[in-house]
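Okay, so chain A shows up in both of these, paired with chain B first and chain C after.
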Partner chain A sequence: MSEDMHDDLENTPLERRLRAALTPADPPPGFVAGVMARVAAEPAAPQRARRSPAVVSWVAFGLAASVVLSVLLAHQWQVRRIEQGREARRQLLEALRVTDEKLDLTYRVVNAQPRAALPPHSGA
Partner chain B sequence: MKTFSRKWLAAPLAALLTAVALAAPPPGLLVLPEFDALAKKATESVNISLDPALLGLAASFLDSNEPQDAATRQLIAGLKGIYVRSYTFDADFAYPAAQVDAVRAQLTAPAWQRLVQVNSSREHTHVDIYVCAEHGVAQGLTIIASEPREFTIVNIVGAIDLARLHQLEGKFGIPKLPLPEGSAGGKDDKQPGR
Partner chain C sequence: MSGDGECTHDDWLTRALGGERAAFAVLVRHHQRAVYSLALRMLSDRHAAEDLAQEVFLQLYRNLGAVSSESHLGFWLRKVTLHRAIDRLRREPRHEVAALSEAELPASEAAAGDPILDGRLRRLLGELPPVARAVVLLRYQEDLDPADIARTLRMPVNTVKSHLKRSLAQLRERLTSTAGALT
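Up next, the complex of A and B:
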């Protein structure tokens, strides 16, 4: 039963066409010579330089180093910025202290004078 | 063609004028000498130059939760610079008057008005307070204080709110300064302002 089915399948038109198409055939004479002549006539394609593993690892190392360097520089910049900010704050408070001191001096000198000598003012 | 040329001439001219305007020093800013000679002689010296960038940086380091810092932040909000030169000496009158006069020469009307002038012959102390006003708005304040052993110049640039400065009384130890409405006047120890 099963052999009959197999014979039927083998004899289908599709099977026959496939078998005909896949039959081994020798190349026509001169085929090899023609291919070799075309290969010789075409300019050699530039070969992609293959990176050696050493180069690849150096590139990776360079990338990693630049990332680490960037992080370090950013940190350094941040530290310097904080130092500058603290110094600016200190200078600001010192400047206000000096201003305050001189206003105080003015106040003391004005108050040291006899009240009669003071001009009338709005009481600011 | 004429219109085209004018248009192309106007653009760079406007850019140039803008650049000049931006490069011009703000009103209220004094050119302070370096006072190198004074610094060498002085036993103590304070040399502070806070331009707008540094003022902004300093403000960002003030803690708004601290009352004093918050008051300071409010005070400096409209300022464009604070410049202080202060020198203390161990001998009387060790500083040359010429350099002080060079600074005073910049404080001329109409931009600068002397608000207070105080002379104490007993203490040999001389204090001048000048205000720079433009269109009725204070743009700068300068204090020049000469004492026998100390010489100080304070130049504050920007819209100064004297009322706010007044509010700081007690916070920085700033006393009640009897500032008159206009120029101060008086005889002997207090001379009228310009």
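Up next, the complex of A and C:
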């Protein structure tokens, strides 16, 4: 539907007549009293449900603070995880280095023993 | 707040929210004409319209905390009145054929223009389907634009425009078939 359809609706004789015919009507006398009588029969007065601007701003501040705190905690947790990973890697490298040294030492000890000490080669 | 004469409508709303019934009565007095007129034109029955308008104000009293400002109050009242009227017409379709006769109209309504033609227009309006009737009332009685009508009746703007176009065509056709005027 095109936008100018609305313009087509404006100010035709029928529309002008409708506006004239649809003037607001007055309610019967005693209408307000009738409403208030029904209101008086209500159990309790209405409660202010809407929050004051101060309360709204405090709620907004609290929400923003908890979001910032959550982000900071998540960042801290991630940094700690990275540090733990680095420490584990360092310990693994150290263990490998120690093992390598021990193996090397063992190899040298074994090679340094005289060949005579070895049992004679039989079966020739 | 010292003097009642200095109160704006928002002040009355705030006081009513605080539980002051006299302030609520001021709000009712201020909006009674708009709410009753909508109910009357929707239901075409004075007693049903009065009853519905009172129910709307009672619902307002119970839900006053949901209203944020005077302009919101006007919007809320129109919305609730029309939705309640549409619901009632769907439940009790007898209202749809019980259009007001010219004799039932108060003097203020038939004061200007052509009272016979105006009365016929109002009767033809009462023959429109409930939702289309609500759209026409918001447009020509409450002077709302299609976007505001769409918000009030919770429908797309294009649907509002379609209702208006179709209703005007229908009214024009029925009017010309009986009177030969307003082509």
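Rule of thumb we're sticking to: the second predicted complex is superposed on the first by the 75 of 124 C-alpha atoms of A that agree within 3 Å, B and C clash if a C-alpha of one lies under 4 Å from a C-alpha of the other, contacts with A are read in each partner's own complex, and residues count from 1 in each chain.
Simple rule for what comes next: contacts are C-beta pairs under 8 Å (C-beta built on N, C-alpha and C of every residue); 3 or more make two chains touch, one makes a residue touch a chain.
Keep in mind the model is a prediction, meaning the values are calculated, not measured.
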Report task. Have a look at where A:Gln78 lands relative to chain B and chain C in the superposition and call it first, second, both or neither. Result -> neither
Query raised in the report: First (chain B), second (chain C), both or neither: which does A:Ala25 touch?
Result: second
Query raised in the report: So, does A:Ser57 touch the first partner chain B, the second partner chain C, both, or neither?
Result: neither
Query raised in the report: For A:Glu94, is the partner it touches chain B (first), chain C (second), both, or none of the two (neither)?
Result: first
Query raised in the report: Which of the two partners, first being chain B and second being chain C, lies in contact with A:Gly34: first, second, both, or neither?
Result: second
Query raised in the report: Now for A:Leu103: first (chain B), second (chain C), both, or neither, which partner does it touch?
Result: first
Query raised in the report: Given the touch rule stated above, what does A:Ser70 touch, chain B (first), chain C (second), both, or neither?
Result: neither
**Report entry** Contact residues common to both interfaces of chain A (with chain B and with chain C)
**Finding:** none
Report task. Would you tell me which residues of chain B are touching chain A in their complex? Result -> 46, 48, 50, 54-55, 57-62, 72, 75-76, 82, 84, 86, 116, 118, 120, 122-123, 125, 127, 129, 143, 145, 147, 152, 154, 156, 166, 172-181, 184-190
Report summary line: Listed in rising order, the residues of chain A that touch chain C in the complex are 1, 5-6, 8-9, 12-15, 17-28, 31-32, 34-36, 38-40, 42, 45-50
**Report entry** Residue ranges of chain A in contact with chain B within the complex
**Finding:** 81, 84-86, 88-89, 91-100, 102-107, 109-110, 112-113, 117-119, 121-124
Query - Residues on chain C engaged by chain A in the complex (per definition of touch) - result: 16-19, 21, 24-25, 28-29, 32-34, 36-37, 40-41, 46, 50, 53-54, 57-58, 61-66, 68, 105-106, 108-109, 112-114, 117-119, 121-122, 125, 136-137, 140-141, 143, 146, 158, 161-162, 164-165, 168, 171-172, 175, 182
